[in-house]
Amino acid sequence: MLSNTIDHKESSEQETVAKTVDLYKAALKKSNPAPNLFVLNEAAISRFTELGFPARKHEMFTFIDTRKLEEAEFRLANDYDTNADIPGDDVEKHIVLADGVLSPLQPYVAGNDKNVLVTPLPKALANHTLRDMLLASVNNETDAFAALGTAFIKDGVVVEILPDTKATMPIKITLHTNKGPVITAPLVVVKAGARSRLQVVVEETGGGESSFMNANIHFILEDGATLEYLLSQGGGCDSWSFIKHHVTQKKESRFSAVCAFTGSGITRNSIDARLIGDDAKFSLRSTSLLLDKDQAHFHVRVNHEAKNCESYQLFKNVVTDSGRVSVDTTVAVGNGASLSKSDQLVNNLLLTENGRADVKPNLTILNDDVKCAHGATTGKLDEEQVAYMKSRGIDEASSKRALVTGFLNVALSVPDFKCPLEPIKQKLLARMEKANA
Amino acid sequence: MKSKAEKQNGLNDVIEDSREYKYGFVTDIETETIPKGLSENVVREISKRKEEPDFILNFRLKAYRRFTEMDEPKWANLKIPPIDFSDISYYSAPKTKAKLGSIDDVAPEILETFDKLGIPLMEQKRLSNVAVDAVFDSVSVATTHKEKLLAAGVIFCSISEAIRDYPELVKKYLGSVVPIGDNFYSALNSAVFSDGTFVYVPPDTHCPMELSTYFRINNSESGQFERTLIICDKNSHVSYLEGCTAPQFDTRQLHAAIVELVALENAEIKYSTVQNWYPGDPETGKGGIHNFVVKRGTCLGDNSKISWTQIETGSAITWKYPSCILKGDNSVGEFYSVALTTGHQQADTGSKMIHIGKNTKSLIISKGISADVSSNTYRGLVRVSPTAKGARNYTQCDSLLLGDKCGAHTFPYIETATGTAQVEHEASTSKISDDQLFYLQQRGISRETAMNAIVNGFCKDVFNHLPMEFSVEAERLLMLKLENSVG
Amino acid sequence: MLKIKNLKAAINGKEIIKGISLTVNSGETHSIMGPNGSGKSTLSKVLAGDPSCEILGGSVTFNGVNLFDLEPEERALAGLFLAYQYPVEIPGLSNREFLRMAYNAKLSNEGAEEVDPIDFDEILNEKMQTLGMGEKFRERSVNAGFSGGEKKKNEILQMAILQPALSILDEIDSGLDIDALRVVADGVNKLKNDKNALIVITHYQRLLDYIKPDFVHVLSEGKIVASGTSELAKRLEARGYNDIAVLV
């Protein structure tokens, strides 16, 4: 009977919530957080309980099979291991959050910009403005996993650039997860002062064997600030990587993001952007190459809340094997947000019969003085393009590889972008080789 | 030909009329109405009054049981005031006992009503190239040109007659496209459906004329639950049009119909709707029709085609998604829609294209226009199943906003589960272009006329798909509606 | 016919026209030349009543009526016609329907009876033949999918149908090859008589070989810096706009 199944489902979701709350209590005992952090954790777990574990039918999670997450038995990660082998170049110059815990900051702080302040989260929370901002954010959270992430925060980092200054080099943040089944919840807050310019590079490393990284990243852009952001997401095989981005943009600020799926496993990249000041500009370019059973899910919401704001979104996804990609993106233009402009473009290449691509490009408009457009395509490689290249003497495999690379690179050609895109291109190329093999 | 002066007057009359909803009058006629409320006994009573065979009674009872287990869906982008399903009468029919299908016995008041609506039913006045099935409240009162159609082998009658005269066809196809338990309203309709239209086009037949049904809700307290079933057999073709109006009442009326289309091999069905139900008071939003309709067609045979065209201008709330299930290989589904919302109207409409067969194709062209304080939502699903190798879809949905208090929303769901498909979606939302307005004004055309011309141009792709007789009508309807709102 | 006195105007809050005076009489052809950004197109927009323009000062009368008191469509009905540099596309509205609407608006303004589609087609056919325009111009949507040359021809077709008193041709030569330019210019010349007037805005002297102006004005930074006969245009062509100072 239908009603029985519903009951069953509800009870299983309630069980999961209960299980999670138990795990949360264990985490508290272990980490014994500072009072300011404890307040935040508590608010978050109660918000998570209110929201409940998202069922498969939940609009925000239509495309992700959350049942496996529900079934997984996670344990808590150990504290930061200073001997942890964290991959990457010049990792000593990075800010590293390993299993949600901040590494000693000496190398970074000693190094560079005097105008860039890097503060460990517990210390930064003594500033009640920041604490209240995070509390307000979690109390209004609609995404159960983002709330869950905040509940499990035991450490994090706050990066701030002072007004009217420019960073001399990108700030690199590594989010590292040891092999599972652990649950980790890093928190990053980036504050760009008025008229400042800053680049932030976040790279995910490690993961695998049912590790579950559930991060929250906040960006606050003051008037006239420019922030460039590069994300390289995806842990090891069988890993889960959920990142929720909270972007708040004030007057004349520019947020420009490039997100790349370069690892493997199941990722969810959620971005909530609020353009609350006039003339703010938001742009997002995303590129993913999915192999094996990889999944990349995007959930984006851009709220135009002030006049003359612009938003731009471009997704380039290539799906091979049994990969799955979904893009659920909404541009919402509020009543006062006149002269809004927005563009959403999603292009999916499905290279195998078993691949799958789901797209939901939504628009919700409550103002008449707007120009909003969206487009979505899903298809295979253009046979004519392949034939054209072959007619110039290039073999089929090389032709296809070149076309796919070109397709992905469209999202990586960003005029005047100051974060290093070359490593991302290299990673994608390496994955392409893997796909060919 | 009419003289120019006459034409001018004619148009002025229409424009004068349009200040108010033109079809808001009530016909004073004695009806036979079942007391309000819904129960198994009511369902049995409806079936008994209609002298139905057991298989229909059982169909209804099964549906009723499903209905009691289901909840009203809440996912649409609509603010729906709660509906008290026990405060609706589920059967209302004109009392004058007319023999099914005989025009001579139809009450003169009803004939007059349809005359007034511009749908003459009497022999001497009928449109010569269009056959009409007239549905008044719950009952089909007359069907024109029946004999001529039968000569070509085409069955065109009320569904009640079909149940009596062609039970095998009804048994085979009723509920085959929209299953009883498909959703809350389909269960409700399946339990209490009153009447509706039945069409069967035999193999190798091009239906010799346009078929149409004209729906009229008259009773203020009865819901209207018709059921339309159209079957187009192999290598055949039929074009069908549906029109709707209702009187002006302060209370909301429920219209929950089901339309099922079945296209067999090489068959083509073209289904057009010009919907002009009473939209409620434009100032207060009081009254009007709740139009919750399930329309779905199955392209069962290879190379079959179903094409939906809709011009939605009426109803307080519209909630419908004419859909195609593309089962047959190479089958084609099309959806062309203009949805205009003014005053307090709300619409959540679009289409579903479910690709199952190989090389199936679908096309969705949707044009939404919102004005005043209305809300207009496009919601569409394109699903390419793993079996639908080589499937293609193209979707274009554009919204035009007239006024800063209205809303336009676009919610497409595009699901592709095979790498051999090609799916494209384009959408835009904007206000009417200042550059276009100024260009027309610079040529001496007034702002209002310019506005109408641009809106009409915006909808052209859809109007072009209506049968000729109705496309001019639809254009004019849209313009009149706009004239009332864009002031 | 047209009297512009010390006109100042801004577009998007930026002052572009900084005090222009100009008088155009019946039967005259004036040419306004100038480098990019000198305010040529803004002037034409101001005269046509483009809502994006803001009048900062001065006056313009058209046959004695204050132009600024008139809505854009009233200016058109009064006989002022602007041929656009970039004609606007209107998908879904057929060129024929559009032209008939404009023609009937004019008739009805003059108190004459409007024409029905059949009668109008005769008028349209004749004009199209004179301008050597193919059938496709009739059924296609206004300017949608037209080539640059086709759009310009379509502007002249409108001019032919509306028979305006004053036509302002805004860079009608831009984007045209020599053959198309000749066709367009011929069309314009055929419409010219001693009752109407022309203002020809152009960057290049080339157009003035085909449409002969009585007066040439050079516009620079929002002001007329030189006026003269077609000789002036020739000198300008020879020395280029960089040398405007020499002309003044």
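Every chain is named by a letter (A, B and C) in the order it is written, and numbering of its residues begins at 1.
Here is the rule we use: a contact is a pair of C-beta atoms (placed from the backbone, for glycine too) under 8 Å apart; a residue touches a chain by one contact, two chains touch by 3 or more.
It should be emphasised that the depicted structure is a prediction, and the values quoted were computed from it without experimental measurement.
The highest number of C-beta contact pairs joins the chains A-B.
Chain B has its Cα centroid nearest to the centroid of all protein Cα atoms in the structure. Separating the CA-averaged centres of subunit A and subunit B is a span of 44 Å. Our note on geometry: subunit A versus subunit C, Cα centroid distance of 54 Å, whole angstroms. Inter-chain spacing, taken between the CA centroids of subunit B and subunit C, is 48 Å. Here subunit B touches subunit C in the complex through residues 4, 433-436, 438-447, 449-450, 453-454, 456-461, going by the rule given at the top.
The touching residues of subunit B, when paired with subunit A in their complex, are 69, 386, 389, 399, 401-431.
Residues of subunit A that touch subunit B in their complex: 2-3, 319, 335, 338, 348, 350-380. Subunit C makes touch with subunit B in their complex at residues 48-52, 71-73, 75-77, 81-82, 84, 87-93, 97-98, 101-102, 105-106, 109, 113-114, 116, 141-142, 158, 162.
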